[in-house]
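The structure appears right after this line, and notes come after that.
Going by the order they are written in, the chains are A, B, C and D; count residues from 1 in each one.
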Amino acid sequence: MNTFGNIYRLTSFGESHGPGIGGVIDGCPPGIELDMEFIQRELSRRKPGQSRITTPRKEDDEVQFLSGIYEGKTTGTPIGFIVWNKNQHSSDYENLKTVYRPSHADYTYQMKYGIRDPRGGGRSSARETIARCVAGAIAKLILRQYGIQIQAYTSQVGSIKLAGSYKDYDLSRTEENPVRCPDPEKAAEMEKLIAEMKGKGDTIGGIITCVAKGVPVGLGEPVFGKLHAALGHAMLTINAVKGFEYGDGFDAALYRGSERNDRFFNDNGHINVRTNHSGGIQGGISNGQDIYFRVAFKSVATILMDQETVNMQGEDTILKARGRHDSCVLPRAVPIVEAMTAMTILDYLLLQKTR
Amino acid sequence: MNTFGNIYRLTSFGESHGPGIGGVIDGCPPGIELDMEFIQRELSRRKPGQSRITTPRKEDDEVQFLSGIYEGKTTGTPIGFIVWNKNQHSSDYENLKTVYRPSHADYTYQMKYGIRDPRGGGRSSARETIARCVAGAIAKLILRQYGIQIQAYTSQVGSIKLAGSYKDYDLSRTEENPVRCPDPEKAAEMEKLIAEMKGKGDTIGGIITCVAKGVPVGLGEPVFGKLHAALGHAMLTINAVKGFEYGDGFDAALYRGSERNDRFFNDNGHINVRTNHSGGIQGGISNGQDIYFRVAFKSVATILMDQETVNMQGEDTILKARGRHDSCVLPRAVPIVEAMTAMTILDYLLLQKTR
Amino acid sequence: MNTFGNIYRLTSFGESHGPGIGGVIDGCPPGIELDMEFIQRELSRRKPGQSRITTPRKEDDEVQFLSGIYEGKTTGTPIGFIVWNKNQHSSDYENLKTVYRPSHADYTYQMKYGIRDPRGGGRSSARETIARCVAGAIAKLILRQYGIQIQAYTSQVGSIKLAGSYKDYDLSRTEENPVRCPDPEKAAEMEKLIAEMKGKGDTIGGIITCVAKGVPVGLGEPVFGKLHAALGHAMLTINAVKGFEYGDGFDAALYRGSERNDRFFNDNGHINVRTNHSGGIQGGISNGQDIYFRVAFKSVATILMDQETVNMQGEDTILKARGRHDSCVLPRAVPIVEAMTAMTILDYLLLQKTR
Amino acid sequence: MNTFGNIYRLTSFGESHGPGIGGVIDGCPPGIELDMEFIQRELSRRKPGQSRITTPRKEDDEVQFLSGIYEGKTTGTPIGFIVWNKNQHSSDYENLKTVYRPSHADYTYQMKYGIRDPRGGGRSSARETIARCVAGAIAKLILRQYGIQIQAYTSQVGSIKLAGSYKDYDLSRTEENPVRCPDPEKAAEMEKLIAEMKGKGDTIGGIITCVAKGVPVGLGEPVFGKLHAALGHAMLTINAVKGFEYGDGFDAALYRGSERNDRFFNDNGHINVRTNHSGGIQGGISNGQDIYFRVAFKSVATILMDQETVNMQGEDTILKARGRHDSCVLPRAVPIVEAMTAMTILDYLLLQKTR
């Protein structure tokens, strides 16, 4: 199942060490001026080697469009694109051909399909998300015309976390540091922790918070296409994601209706709410308030330490991982979270036009 | 979007105070013997009025099958069914026609569709989940043939929570108390808290944990149909759900790869794992271990207290809610969580047959 | 696969001799005033027993709506409905339990599913089309608001055929005779032929022509959702249909480009075409001209004559059919062709709004 | 809508004069050995410049696979591929930028999307079918393992037609002549007619017949996924197709049930039929007999003669077409008909596994 979306649909393909990663965007509205620099910039936000805390792999990820564009504008026909793989070191993975890496997808892919491409994790590699970033960048360009803005940031790495809500930070400062955290002090702590992990060959998890502003009231398709269910699904398809919560999220379990209901009031002639515990969505439909949610990422499974595991024959063995890997995916996952959010909101915005 | 699933598909319909709630199950394998008592029992697990802590509404929910069954067995043709609404007190909702209830879907439905059925919340009522319980019960019957068992339970109400993992409890005791919590002592505390809320006309949230045992390795369809993404989507479509996490979930943020990787080992000739932090799913594909996840529910929005709100004209008003409502949805949501889990796993099990 | 459509979706259920035939319409725009008399009238156009040439079965087909409507208007939530089966004589089919009727679906259903409901053909009965007529009637009500009108008629029964194109007849006279043919003289001949078939216990095939007027330019979704492909698919799902052609259809094989290209010209300031061999669709997209097409129906498989066949054990036997059957489906298939056309055009009209 | 299929799904992209034509095949079973020579040969069957009666455009269509294959076998992950466009003469189309060609898709694309790529017809070019041939070739490789064979041939060009059914010809001789007609004499006549058309700058239509042998009983998904409806839909998505009929097709209108019912009989212990007027499908489900159908193609719209038309301003003008075009698409459409048939049958074969 490599197609995402109902109207604005991305079908993606590609393995980590194959010729490239690409996709086809179908259902994109016609006449959209494509800001190629913006798209490339979005793509570069997820690329490796951006800073000393990300993997030193140099992936010069450049998107080549193959169709659906004429004189710089979308034509309404499918947009094919590819980012060619370069600088892949498949030999790094030679020893993985017959070994199942702990907490990786090697074993399950082998069991499901009876065959797998072991080079760099094949299809299970997070390099797959390149296609999402391209489709997400185009979605962002379209959403911008509707005044919708999406901003994600790293809110937790290990036990270092931002205490406040997204409203307590100047999100425009997110890109100022390599961990993409809007609080410079916490960012420095996180960066230090990640560097420490890197030094040990270990990895660490974290949480990304995302906010969508300007989403009009009315998006979402009850009962199985509730907007938060679509967003949750989108986030959970991202590599290493273990949880999703929106509005009060898991904390909602703790509170009473009398404490957490979002009371309506007449705000100078407009209906407004006193609080936004709902996270901008009620009954699965956007209510015009900020939509915010949090996404939990586990630590990267590849650690540069010896690990007990088995080979394809089921024999016990010790895995000595090599390769160039991230010690923490959070910084590079921020644009991916945004991309999936943008695609989802655009998709439901287009669906709402059928009403 | 009222259809759920890819192969085993439920299309549901119905409003709280209309003629009934029903659905059509398409893609159900033929030749399945339908244990009508089991189906009815599953349906009764979610019905109101089961105990003193649930709403006193007496909904005598009986399913009537309309098609797809011959001599007690499924025929492979669509299974239509309906549960007629009885005992509805629409007059209780007369005053809601022009008022938007805080944290309810009244406002968003009105804005989205320009019209809404105000009686009992209409389509946004949790009564809609009846259809899911019916389709889920049939899914369970089929999964049983594959040795797959699904068990959910209330693990938290307000701040009263079970300290251990699902392995620390005898889940067969879940149905022994009205809150559906396998720990009798905690169950008693939860029951007391819910009763207290009820006395005050207030409500409280909580968390449901669900475990699926016996799921074979290989289910899940990367990259957009990862099994946990499908489960998360399924859970997030349930009324009042605010969050989903599987395996280590949000806690995964805190740990290092070296601490939480699930190491493989040769277990008397079979490949096994020393731990199951992954929650039975790796790379979006089941690995044969127990699948477990947690679902967060907010407190019910309807409280029997005066609340500030606005009417359809946007004027400030005070809502004096009446009606018969749950003070905590958790006990009745347990079978719904199980139903959505069963449908999802069956759907992916059938998809896997196309390999 | 019992769901039809992308945005305006019908999911249908029901067998000939089960409790009833029904469906769920999802994606219907909200706020549509439902003219219940019109819907019932459309349904009555397909019911048996309308005239001496149709089956004498008296099916008092009345639709009961189950959801999605509030104060006479659609609410945007799914519209469930059912037409209860009455007056079924299942005993007529007792002898069919173990016999495969020639050119019927008994054998293929048994082979596919390993089980079948033999009463009245079960799901393979044309009684299933009731659901289509209901969903089609609502689609027509919506299309009417866009000035789109759909009219089908019987253009051939056996070798008796209308010589001219749809433009040569006053289509408003279609309902004046029981065969639904706008040419009264040909209609009389057709009626006589059908009566003759009936007298012999035999059956006869024919062709229905359909015209959609007022379809705006721009509907259709290349390359796999070309409008004529969607219409062709829709028609081919109707029982007994063997062929579909639009515009010049099979005759197009005979002609040269220089003879049949539809030349554009400036028609008092508007772009128009001199001819419409294309049938209102070019490149899979409507061009604003009349859309017309023809649908071929085979003779009804059930004949009241002794027929050689086999039983479920594969033994040769003689089938002595009983029951009350049509000698020609054409007259009653006219509203079904219209219903499927209406649903298809509405669906693509809604899709076009996402551009 | 550029995705075809339910389980075995092709998403295609590409314009005639863009970088290339490609696609993504999702849901392909893993472990399939890809015979690259076979795939390339299938692709070459549709390429221009094969003989003196096809367009002299030299399109050296070579497929490059981008993903989903490891050591020559499919891995179950999406198979991306591209055929790069070469030898395109976009300047030939410079004059078409502002002119609507009669019976082409220029006008409808412009009206639908508000923008179009005028070079070579853009997305509406039949060059798009390259992607279908690639996906169809892989489908054929898989079907071969099930003993299913698909063979199409040109059965009519203009008024020159084969009198007999597919059983009257040695279909293995189809590829012996450039028109792909198994009757050498008729083939010669057809070739002469096409050459004559070419000499005049005119074009001619025709009919392709297709037969699928070895399809097991049980494929097809009533009521909206009837096998013939899926095949009809598939055929009608091919450029220039105007009609589809299967089994007796439009002729079925002429006959009586007593004449055309396919009687079952015990054929040495197996259930067989005396005739196959049904075309191998009953009730929308394959019955194990040969599936055969016919597809009508109109004459190519591009003729090298002056034609009356309008420009984008709606002004009358004369179109003087240039470029290198086919005078008859039939010979090159034969592999496309086969490809769409193969994809459809494989898709339904995989669907049937979910029963």
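Assume contacts are C-beta pairs under 8 Å (C-beta built on N, C-alpha and C of every residue); 3 or more make two chains touch, one makes a residue touch a chain.
What you see is a predicted model, and the numbers here were worked out from it, not measured in a lab.
Counting C-beta pairs in contact across B-C and across B-D gives the higher total for B-C.
Which listed pair repeats A-B comes down to matching contact pairs by residue number; over half match for C-D among A-C, A-D or C-D. Centroids of chain C and chain D (each the mean of its C-alpha atoms) stand 27 Å apart. Chain D has its Cα centroid 46 Å from the Cα centroid of chain B. Centre-to-centre separation of chain B and chain C, using mean CA positions: 39 Å. Of all residues in chain C, those that touch two or more other chains are 1-3, 12, 30, 76-77, 112-113, 123, 222, 355. In the complex of the two chains, the chain B residues touching chain C come out as 1-3, 9, 11-15, 18-24, 26, 30-31, 64-68, 70, 73-80, 82, 112-117, 122-123.
For chain B in complex with chain A, the residues that touch the partner chain are 1-4, 6, 12, 100, 102-105, 107-109, 111-113, 123-124, 128, 156-159, 197, 200, 202-207, 217-226, 228-230, 232-233, 236-237, 242-250, 252-266, 269-271, 273-274, 277-279, 281-288, 294, 296-303, 305, 307-310, 314-316, 352, 355. On the chain C side of its complex with chain A, the touching residues are 7, 27, 29-30, 76-77, 222, 350-351, 353-355.
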